[in-house]
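In the part that follows, the structures are each spelled out as structure tokens.
In what follows, chain A forms one complex with chain B and a second complex with chain C.
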Partner chain A sequence: MTAVTRRPTLPARALLAGVLLLLVGGLVITLAAVLLLPPLVDFLAANTPLVRFAVAALVLLLITIPVAFIVIYMELKVIARMNLRVGPDRVGPFGAAQSVVHGLKVLAKEDFTPFGVDVAVYTLAPVAVFLTTLMTILVVPFAPGLYGQDFNIGLLYVFAIGGLNVVGLMMAGWGSFNKYSLLGALRAAAQAISYEIPLALAVVGVIILAGTMSLNSIVEQQAGTVFDWNLWRQPLGLVIFFIAAIAEANRTPLDMTEADQELVAGFATEYSGMRFGFFFFAEYVNVFVVSCLVTVLFFGGWNAPFDWPFPVAIDLDPAGYEAWLAFLLVAGPIVGTVALAALLRFFVDWMRWPGALLIAFLLVNLLAVGALVGLAFVTFDWVVGLTWMMVKSFAFVFTFVWLRATLPRVRVDQLMGVAWKWLLPAALVNIFVTAAAVVLVWG
Partner chain B sequence: MTSPTRPSLDDPALAIPVDRAGVFEPIPMARTERQQEFYSLRDGEMLINLGPQHPSTHGVLRIVLKISGEQVVDLDPVIGYLHRGVEKLCENADYHQAICYTDPLEYLASLFCEWSPVMAFEKLLDVQVPRRAEYIRVLAGELNRVASHTLYVGFFALDLGGITPVLWSYLERDEIVEILAALTGAKLLFNYFRIGGVNGDLNHEFMSRLGDWMSHASRQVEAGTALLNENEILVRRARGIGTLDRDTAMRMAVTGPNLRASGVPWDIRRAHPYSVYPELEFDVPTRSEGDCLARYLLRVDEIKQSLRIIDQCLHQMPDGPIMAKLPRLVRPRPGRAWAAIEGPRGLYGTYAISDGTDQPFRMRIHDPSFVHLQLLSLLVPGNLIADTMAINASLDPVMGGVDR
Partner chain C sequence: MEGIWYVVGFIVAGISFIFLVIALSWLISHRTKGSRAKGLPYESGIDTYGDTHGRFGVSYYMYALLFVAFDIEVVFIFLWAIVFRDLLMGGIVSMGIFIAILMLGLAYAWRKGVLTWR
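Let's look at the complex of A and B:
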């Protein structure tokens, strides 16, 4: 007979560990707060721009996650519809959580390093690609006052950082020890060099008109109705910018770097797991950034397309309601829920009390959230601006996805030909005409 | 019994040295002058393995490309990854059983793979196939041809990077496959033709599905291909690429649409008529350019001709038996027979020798994909890597048929 040893069960051990962790951790945090917080607060108060930058960077880092998920979901669902498929429909309503599950799957995969790779370069490549994409968002103005940083050389910064993107791709191609990756990376380099030029030259017209490279100022100058947007003053610039932006975001029909029918997956061939995930994350965030840039430069950024009445100043004085406010906040939801549940119970045949209460509770909450959002929308200008900005940007994201579902891929020499023979001369003509117009007509 | 004196191909002593610079690259043993030349690299050249696991090699084809930058200098197609020994299997089965082994040869056109051995066996046995059976064969065969060609259209666009057309072409193929399933009971490997006839008569489900499909088939084909025919990117990528001239095509024994796209109006249905094709009206479309675009457009034209044939078959379908009277176990007199038919990819032929038993003594299958694959080394060098996929897709090889 073996002696029965009494060991704590697994949940008990987990609980014990948790309690210990909380005790020790709480103690440490309290001590740290007491000792470090006052000087830290003083330091932060003395360096407000630094704090603003840190918060902006954190928010931008976090914003990429939902943005990439939405773009991936659009990619899955829109292309599926155009392909006469249903697309993902298992996880979440209409498969909306599919990209979240994709992200978790990629996280859970083995972090595999193939034989022969240059480990440092191979490991850092996804980071480099993702960071450059992230850094580009910093200057995108989402709404009045809602931006990471407002440089007076904002546009230059975007192109400079966007050009760095190719370094990451080259690192991936070189470090992977794979000929497909190498070919993809060399294509990426050639493509980036070719398309950076028309991309940058296409917006020179906008810069001439705006007189500044700050994206905020460019947007502010397009305020008014749809006819005040740069779209009408720079149609050729818009076309060139959009075509070059497709190449810049590595999207079909100009996705030479990862042409799956030719180079398997291009520079990402040897990557798997979260490293591969970072590449894809970067790609989709890149699509969003490029869409934002098109919106900001040519489609008025956060400006509404017509004389939009919002935001309006609503003069609310909560203190004036006194006890009624407290009653509204405390009793309002309960009364509303019960009243709605009663209505459901007596007018819907199959409804019983528990179900009716649940549904009424959800409806009342929805109503409250909707009312709050509506209030915010009509009151705060950055909510209105953000809404317009997102609507326009995602319209362009949709266009990118649409293009991918529709067009075959161009050949690599045709790609170069378009850039050097058509886009570059057209961009130069655009600059010349814009400059002449500014000097002769407005000057 | 192997003779110990016969030299083995794997003998390292027989290997010809190869001049190669790469440290990590496994150096294959070169056994011929051609191999030695191919695997020796000049300055700036690189070997790259396309397949056997590659998205656009239509199965398990492996192509070793010798590239200089993006340009393909030379290539070496390596086949045999799908070899199943079908011919040998057929020689160890009786005549009826052999038919089902030939089915999976070309999984996109199974009926044509059955048709030529069945015809060869009928020649050996000297059987007269009832006219109704012949009409049903033509009807089913042309349906299968449309299915194969629509899929070709989709995969051609897919290999050029368009992801939507292939799913649109599956729309057509799915309907045809359902129609054929109603007739034959299977969707992919039909095993429908029998020596002396077919397995089952036309039924109600088949006729109603076929009627539904025929009412919109030509419109659907037009709609699907209109997206591609006028697509600037597709046309620019396919025009003038992989041009196969008339003389080379005939010298390389090219058959089928690939030959007709080079301007030779040779169609076995007209040149050596079999079955009931002499009674049917259809054109043999040809094109003179011989490039990828011509090969693609020719298939679109052929779909329309096939629809014409299907229509006529339905109108002229005679009554009568669908099987000739044959014993369960057939023993043809000793002799040899060759039967060739026009499949969606070209000439499908079977050469069968009977020694008087119930099994074919020898059976050899000619498959057009194997012949067309040889064109790659003629057409691809000098083009870009991307064109390799375009040319390969336009030649439409099916690896099941190549490796047999």
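Let's look at the complex of A and C:
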């Protein structure tokens, strides 16, 4: 062996760079924090609505990313199991990181603008499509007091924004220099506007019962047990709303807009890279939003299906713990780190002790900070409400995936016929039956 | 009034989010100028000919016209539904007349075959 000075390995170099960055960055950040934080905190304290908006916007924007990944993973795995396949099982536990890899792949793909397209319209189309989906999340009540904004015209806002979706699809089809895109967009527009009507008319019964369009009030009005949900008072409305919602979210069996086999993906034919990705990002988020709406309108939103028999009150008094508090503070992180590291070491094949300890340390810190922040800011109502809301919503996301795995695509003439000849009259009948019932009961 | 600022602010935040992601994608993806063949529209392997924004079926317009009529109807019905508790029987009668007129229009369109996809 000749004495060759070996260059440090890549992880070592990365670590070195990281440490240097941490030292310099830490100094700069500390200085900046000392100098800038007090006036900043004063400013924010004086403008709490601004802070609320910033937090709400940030959370609602960022929540779309994990939601889309979960829906894509469900799509891959659930359909695979229904087809008696295994589905993704390589990346992450049970292949759960597969959708993240898909997302990163689309992000890293070349974003190519073909010849002959109207560049401005072509670029703004995915923005318009995704924005309409984002805007709808703004009014969804996730838990008592946990929502972007509560409008008194909430439902009307949802349908107004949902109608704008058509504009984005038409922009995509018209902006692309492609006949398939144009035909796909025209079909998409025809389908979306046809199903918009039954979708909106199906909830009139709910509005009559609630006497308001605010989504929060509609949920509050369904408080109680399972039997207080609108599901029992509006069964026909629920069926119509759900069918129309499938069409609005462009899901199989009513997905004439994409129709991969007939229109080579319809309006998205000419798109590539992230601009293409946003159409499908929007679709998956839309599935979630529509599921949330079904839950809010007909399944009691964040209300639990039964009265919780055990009253829960979190009443922490750290000073009362005396010596135990010191023990908790000192021993807790150490024991937690070692325990987590041991778990990682023995259940993850490629994990070795140093790495396991490092990751466990980071995780424990994250958990501790999360628990502290949670205890400080999150009320128990939020946790319970959010849990029920998510359980119900993802049950409907599952139903959407299930439908896709089970049913073939319907023919375009049948699709349009059902909207105008069956759903629309049925929705009108539903309105009058509800109105008559209300007159009989309250009149 | 606070609500409208949420909508405006959310539009701004949403658009900046989308363009940030597109910019990130632009930074990390590879870019080529591409050849002429690469930029051609994909129409299942056949060279495109004629005008892309050509003629298409009139039935799309028919659906759009029906949509406009019924969507405005929806706005009226929503407002009627909110105040329905104060109207009760009178509300049903007046809304019945309103919808009957609209249904006449739908029946006419149905009879004319507009609702049948061709």
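FYI, the second predicted complex is superposed on the first by the 342 of 443 C-alpha atoms of A that agree within 3 Å, B and C clash if a C-alpha of one lies under 4 Å from a C-alpha of the other, contacts with A are read in each partner's own complex, and residues count from 1 in each chain.
We adopt the following convention: a residue touches a chain if its C-beta (ideal position, glycine included) is under 8 Å from a C-beta of that chain, and two chains touch if they have at least 3 such contacts.
Note that the structure is predicted; figures quoted are calculated from it, not measured.
Q: Taking the superposition as given, does A:A189 touch the first partner, chain B, the second, chain C, both, or neither?
A: Second partner only, chain C.
Q: Looking at A:Y180 after the superposition, I want to know if it touches chain B, chain C, both of them or none. Which is it: first, second, both, neither?
A: both
Q: If you tally the residues of chain A touched by each partner, is the higher count for chain B or for chain C?
A: C
Q: Classify the contacts of A:V140 with the two partner chains as first (chain B alone), second (chain C alone), both, or neither.
A: In the superposition, A:V140 contacts neither chain B nor chain C.
Q: In the overlay, answer first, second, both or neither for which of chain B and chain C A:L428 touches.
A: The second partner, chain C, only.
Q: Given the touch rule stated above, what does A:V71 touch, chain B (first), chain C (second), both, or neither?
A: neither
Q: Using the touch definition from the top, say if A:G116 reaches chain B (first), chain C (second), both or neither.
A: A:G116 contacts both chain B and chain C.
Q: In the overlay, answer first, second, both or neither for which of chain B and chain C A:V412 touches.
A: both
Q: Which residues would you name on chain A as touching chain B in one complex and chain C in the other?
A: Of chain A, residues 116, 177, 179-180, 183, 264, 412-413 contact chain B in one complex and chain C in the other.
Q: Can you tell me which positions in chain C touch chain A when the two form their complex?
A: Within the complex, chain C touches chain A at residues 2-3, 5-7, 9-11, 13-15, 17-19, 21-22, 24-26, 28-32, 34, 36, 38-44, 48, 52-54, 56, 59-60, 63-64, 66-67, 70-71, 74-75, 77-78, 81-82, 84-85, 88-89, 91-92, 95-96, 99, 103, 106, 110, 115-118.
Q: Within their complex, state which residues of chain A touch chain C.
A: Chain A reaches chain C through residues 49, 53, 56-58, 60-61, 107-116, 126-127, 130-131, 134-135, 138, 148-151, 155-156, 159, 163, 174, 176-183, 186, 189-190, 193-194, 196-197, 200-201, 204, 207-208, 211-213, 264, 269-270, 273-275, 277-278, 412-413, 415-417, 420-421, 424, 428, 431-432, 435-436, 438-439, 442-443.
Q: Sort out for me which residues of chain A touch chain B in the complex.
A: Against chain B, the touching part of chain A is residues 79, 82-85, 116, 177, 179-180, 183, 187, 252-253, 259-264, 404-414.
Q: Within the complex, which stretch of chain B touches chain A?
A: 24, 46, 48, 54-56, 70, 157-164, 167-168, 171, 231, 233-234, 236-237, 384-389
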